[in-house]
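Quick one: the structure is below, questions incoming.
In this document, chain identifiers A, B and C correspond to the written order of the chains, with residue numbering beginning at 1 in each.
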Amino acid sequence: MLSYDVLIVGAGGAGLMAALEASKAKDVKVGVLTKVYPTRSHTGAAQGGINAALANFDPSDSPEVHTFDTVKGSDYLGDQDAIEFMCYEAPKRIYELEHLGVPFSRLPDGRIAQRPFGGAGFPRTCYAADKTGHVILHTLYEQCLKNDVEFLNEWFVTELIIDNNEAKGVIAIDIRNGEVHAIKAKAIIFATGGYARVYWVRNTNAIGSTGDGMAICYRAGIPLKDMEFVQFHPTGLRSTGILVTEGARGEGGYLINNKGERFMARYAPQKMELGPRDLVARSIETEILEGRGWGEGMMAYVHLDLRHLGAKKIKERLPQIRQLCIDFEGVDPIEEPIPVRPTAHYSMGGIDVRDYKTSMTGVNGVFAVGECACVSVHGANRLGGNSLLDLVVFGKPAGAAAVEYARSKSADNFNLKAEEDRARREIEALLKKESKENINNIRMEMAQTMWDKVGIFREEKPMLEAIEKIKELKERYKLLAPGDSGKIFNTALINYIELGYLLDLAEAIAVTAVLRKESRGAHARRDYPSRDDENFLKHSLAYYTPEGPKVEYSEVKITKYQPQERTY
Amino acid sequence: MEKFKLKVFRYDPTKDDKPYYQTYELPVEKGMTVLAALFKAKEEQDSSISFRYNCRAAICGSCAVRINGHATLACKVQVKHMLEKYNTDTLVIEPTGNIKPLKDLVYDMDWVIDKLKKIQPWFIPKEEPPADGKEYRQDPYDHHKIDFASDCILCNSCMSDCNALKANKDFLGPMVISKAYRFIADSRDGAKRERLETVLKDFNLEWCVRCMECTTRCPKEVQPYENIIRTRIIAAEEGFKSPGEIHAEIFEQDIYNRGLLNEMLLPMRQEGLLGAAKRAPFGIRMFFKGKVNIADFFGGHKVKRHDEVKKIMDKAKEVKKNIKIKLISDVHTPYEDKRKSKQGG
Amino acid sequence: MALKYAFYTGCSAKGVAPELYDSTKLVAEKLGMELIELEAATCCGAGAVQEKDEFLSLTINARNLALAEELGLDMLTICNTCTLMLREAKFKLDNDPELKAAVNEVLKEAGLEYKGTIEVTHFLWEVIDAVGLDKIKSMVVRPLREFNIAPFYGCHIIRPPYLTGYEDPDNPSSIERLIEAIGGNPVDHDARLACCGFHSFWSAEDKVTLKLTAMDTQAAKKQQADFMVTPCPLCHTQLDAMQPEAEEKIGVNIGMPVLHLPQMIGLAIGLKPKELGLHKHVISTKAIIEKVA
C-alpha cells in the first residue's frame, strides 16, 4: 500500500508551495497527488498579479495599509488576525518566490515592478506581465523537480478516511490504469482549488475546478465555511465564460442590448460602461432577465461592441482581447460585437480552517490551503491580487505544520485495506452500471439553477426553489453512470464523480445563501439589501448530513478594525 | 444546421492491437472550439473518448492535439475556422506527434518531463540573495530576454511537429531547449555554462534543422526556434566551439573576403582534411555534373563593390557593443496581414 | 506592365546549383520578368551568421536591401532561406526604430542607407501573383500531363508565417496551383511541408539530416511521384545531391529526381531540358527528359 507521512492533494500554487516546504524535511516522506500534471493547475490562469507591500513603487505603502484594504474589501467578514498575518508575510513570500527564480517584471532600477489594482490604496501588485500565476506555478513546479518531490500525476481522490477525528489516508484512482488505491497518510493537505464550476459554463475557472477537496472533506464531516460567497465578473465570453477584461470597456467599448440601446445609461448615467464591477454585472443580468438580451437560458448574452473604435485602434490597443474573441468565441470584434455575460470568478468559501498559522482543520492531520480553504482572509469578497498571495502565504506554513504533525505521529494499525476493498467494489460497480441519465443535462440544469437563483441576484423564494431543484438533481444523479467501462484514462468516470461533488457544493451554497439574510460583499440579496452586522457578522459553517447541509455559525475575528460602511 | 465530421484517433492498448479512427458527426456551432466539439462527442455520442483538458483558455497546456496534421491547442481554435482553413468537412484529430500515445489523444507526458529534467529546468542562483533579504536586482532588458521564453506552458505543440525530433527521438526538442534558454539567459542564474554544456552534448543543440515548425506551432508566442538560436549565440559568446560555430565563422569570413559563400571549399574548412576526404565522392559527383565552377577551388570571385562590405562589417562589430537588440514580438499576426506591397496594402 | 525586379541570386545559384540560375533567367525572360541582378549583394548569412552575431547579420542584409532600394525595385529571390533571412532582417529593422538607426549608422560608413521602402519576394510568389496563372496557362506548349509531381515547399517559404506571410503554412497551395496550371498532376504526400534537413548537415548529418532526406524522398516515391519540385536550392541540394548518401544511410534505393521550380515551368513552356540544366542533377532526370521529348 502506498504510504506517506505527508500527502498533498492538488498541485497548484498552494499545494506546490506546501510540497516545497515539506520536502525540505528529509526524514519525512512527502507525496503530491494531482488529477492533472502540476503545471495544468488553475493557478496558471491568474493573470493580474500578487499583492505585497514591498513599497517599491510607492515608499509610503505598508503591510498595515494592505491589511486594512483587505479587511475592508472582505466587507469585514475576514478574520483580522489571519489577514494581518498574510499581509505582513507577503513581502517575505514575494522575495522568496523571486529567489526561487520567478521572473517578475522589473522597475528601471531592477527591483520588482508593482502596479495599482482595485481596492488597494497603493500600487502594490507585483506582476510578470499578464502571466503572474503562470510563472509562479511553473517556478514552484521546477523547484519541486529540483527537490525531487514525488508526484502522483493524474491521480484522483474520491474519499478522505478519518478515524477518531484523525486523518488516516485517502482513497484514490490512478487515472492512467484505473486502479483504486488506499493511500496511507499521517498528514493530508488539501489544495484542490475552487468551486466556481457549479455555474459550469458561466465561470472563468478551469474545467477541473470542481471543488473536489471541499466535497471530499465535507462528506468526511469537516464543515465548509462561508460557501455563499462567490465572486462574479461582469464580462465573460458567451460560450465559455472566459474573462474579457475591463480593458475592452476601458478603451470605450459599449454594452448594447437587443433594442440597440447602451443600457448602462439607465444604471450608471455618469460612468456608463465604466461603473463598478458589481453594478455592471447586475445591469447586464437585469437586461437579460427582462428579455433585452439575445439567446436562451445559460447561453443568453448582451453585446460588448467595439466596432466604433475602428480596426486600427482595436489592433493597436486591444490585440489580446481581439485574439481572445477570435480564438474562443469565433468573433472578430472589428467586424462583430462580442457576446458577453457575467461569469463566476472566485469562491471565497471553502474547507473550514481552524488555525491560520498551520491551516489545520478541525480534524487532526487534515489541512487545507488555497482557494479550497476558507481561513478566512477574503471574507465576503476577495481583492484582486490577494488570491495568489493566499496560496503562497498559507501554503508554506501548512507544509511545515504537516511535517511537524506527521513527526509527532507514530504508525498505527488502522485497517485501511478494508476501506480500499470497499471503495474498489464501489467503483467497479459504477463502471458496470447502466446510465439512465445524461451527465450534461444534469450539469447544465444545476448550473442554470445556480446561476438564475443563487447567482448575482439572490432572493429567498428562488433560492428555496433552487434547493429543491438541487435535491431533485441529486436524485437523478443516482440514475447516472459514467457510461465507459474502460480502465485507462477513463475520464468519463472522473467527470461523473466530479459532478457528484459539485451537486453537494451547490446545495451548501444555496442553503447558506438563504440563511444569510443580509447583503455583504459578493452576496447581494434583493430582499435584504443592507449589511446586518448585528445578526450576520459571522461565518457560516455547513456540515454534511444525508438530508442536506446543517448550518452553524462561528465568530469573526476582529482585532483592530471595527466594521464601517464600505465605500470606494 | 451545417454538420461536420470529427474523425478521432482511437487507441486503447488494453483492447486494441492498433489505432483506428472513429468519426462523429456534429453540428457546426458558432463559438464552438475543437475542445468543445470533443466534449460534445464524448457526452452525447461516446463517453469512452479520452483527451486531456483543463483551463480551456490556452494557459494550462493540456489539450494539444494534431488537427489535420498540425499541432495546436484544441481549446484555442474554432471548429469553423479549422474547416475553412483546410477547406473541408472533416477534422482529423490525432494525438501530438513524436510522443507515444497512451490512450486516444492522451500522450506520454513523463517522457517529456524526463527530457526536461536533463537540462535542470530550475533556477540555480548565481549568488546568495542580497543581505537585506530583498529581491535580486535584474535590469529590465535582462528580464525582457527571458520574458517570452517564460511564457511556455509545456503543451508540446512544438515537440509534436519538430522535424529533428521526428528523425531522432534523442533530440532534446524545441520545448526543452527553449526552457534551457529561459535559464541560460536569466541574468540571475548561475549555471549558464553547465546548462550550455548539457545542451551542447553531442551538439544536440545543433540538431535543430531550422524548420521553424516550433515557432509556427507555439500557441503562446514563446518563440522556441528563436530561443534555440539565442542559445547558440550565447554559446558562441561563451567561447564554445561547435560545428555550428565553425560554420558561422566560415560564412562570416567568406562574406568579409569575397561576399558570397564558397561552397566548394566549405567541407575542408568545416571538417579539415579528413572531412574533405569524406566528402570527396560528393565533390567529384558535383564536378562531373557540371555544377562546379573550377575557380571556386581557388577562392573564386568577389562580389562588386566589395570594399563596402569590409567597411560595414568592421563598423558593425564596433556599433554592436552599444546596442541592446530588443526581442521580436507580435510573432502571430495572421499571415493575411503581412504581405502588403503586392496586394495593394 | 513591365515586371522588373532587383534580382538577388544567393550563393547556391552562383555555386552548387548553376542550373537554377540559368533556368530562372531563361524562364523569367519568357514570362516577361525583367531581372536586374544585384551583383554587389553578399550572402544573406543563411542562418549561420545569424546564430553567431545577430547585429552583423542584420547589417549585411540591410546593405543587401539597400542595394535594391537604390534601384527602387522589389527584391526577387530564388532561395527559401535567402527569402526568409532578408525578410527577417526587414521585419526586425522596420519594427524597431532604434535598431534601424544603429544599422544605418553602420551603413553610413559605405555611404548607404536602409529605408525600408522595398519588399522581399520569391520567384514562386511573383510567378503566381504578378505573372499570373492564366498567363502561364496560355504559354504552356508542352503540358506536363503525364507527370505526377510532388511539391516540396521547403520550410523557409512558408514558416514562420510572421515572416513569410504569403500563404497559410499549414495548408499552402501555390505550388499545386502552379503544377495544375502547367497541366501536371500534383500529388499529395507526407513530406509536402516537411524539412529536408539541410541546415543541420554539419552537426547532425547522420543523426538527423540524412534521415529526413530519406523520409522526404521516400514519401514522394510512395505516392508514385515522377519527380519532386522545390522552390529552394538548398532543399534541392539536400534532396538531389545528397540523395545517394541518404540511400546509403537507410540502405534503400530511392532514385527520386528533384526539379527546381523554374525548370518545371520551363519544360512546360517549351524550353529544352538541356538549357534548363536537367543534366546537371545528381539523381538522373533521364526518364523525365525522355518523356517530354
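General observations
Please note the rule applied: contacts are C-beta pairs under 8 Å (C-beta built on N, C-alpha and C of every residue); 3 or more make two chains touch, one makes a residue touch a chain.
Remember, it's a predicted structure, so these values are computed and weren't measured experimentally.
By number of C-beta pairs in contact, B-C leads when B-C and A-B are compared.
Central chain by Cα centroid: B, whose mean Cα position is closest to the mean of all protein Cα atoms.
Each chain gets one centre point, the mean of its Cα atoms, and the points for chain A and chain C are 54 Å apart.
Rounded to whole angstrom units, the spacing between the C-alpha centres of chain B and chain C is 22. Computed from the mean C-alpha positions, the centre of chain A lies at a distance of 35 Å from the centre of chain B.
Multi-chain contact residues of chain B, defined as those touching 2 or more other chains: 330, 332. Within the complex, the chain C residues that touch chain B are 11-12, 14-19, 39-43, 45-56, 59-60, 63, 74, 91-92, 95-96, 98-99, 102, 105-107, 109-112, 118-119, 121, 125, 129-130, 155-156, 159-162, 164-171, 194-195, 197-200, 202-204, 207-209, 211-212, 215, 241-242, 244-245, 279-282.
Within the complex, the chain B residues that touch chain A are 12-15, 30-33, 36, 42-44, 47-48, 50-62, 75-78, 80-81, 102-104, 106, 109-110, 113, 116-117, 120-123, 125, 129, 133-140, 143, 146-147, 150-154, 183, 186, 188-189, 330, 332. Only residues 68-70, 85-87, 163-164, 166-168, 170-171, 202-203, 206-213, 215-216, 225, 229, 232-233, 236, 242-252, 254-255, 259-264, 270-271, 282, 285-286, 289-293, 296, 303-309, 311-317, 319-320, 322-323, 325-326, 328, 330-335, 337-343 of chain B touch chain C when the two sit together in their complex. Residues 36-37, 39-42, 44-45, 54, 92, 94-95, 98-101, 103-112, 128-129, 131, 134-135, 138-139, 142-143, 145-146, 153, 176, 204, 206-208, 237-240, 242, 319, 323, 326-331, 339, 438-440, 482-484, 486-492 of chain A touch chain B in their complex.
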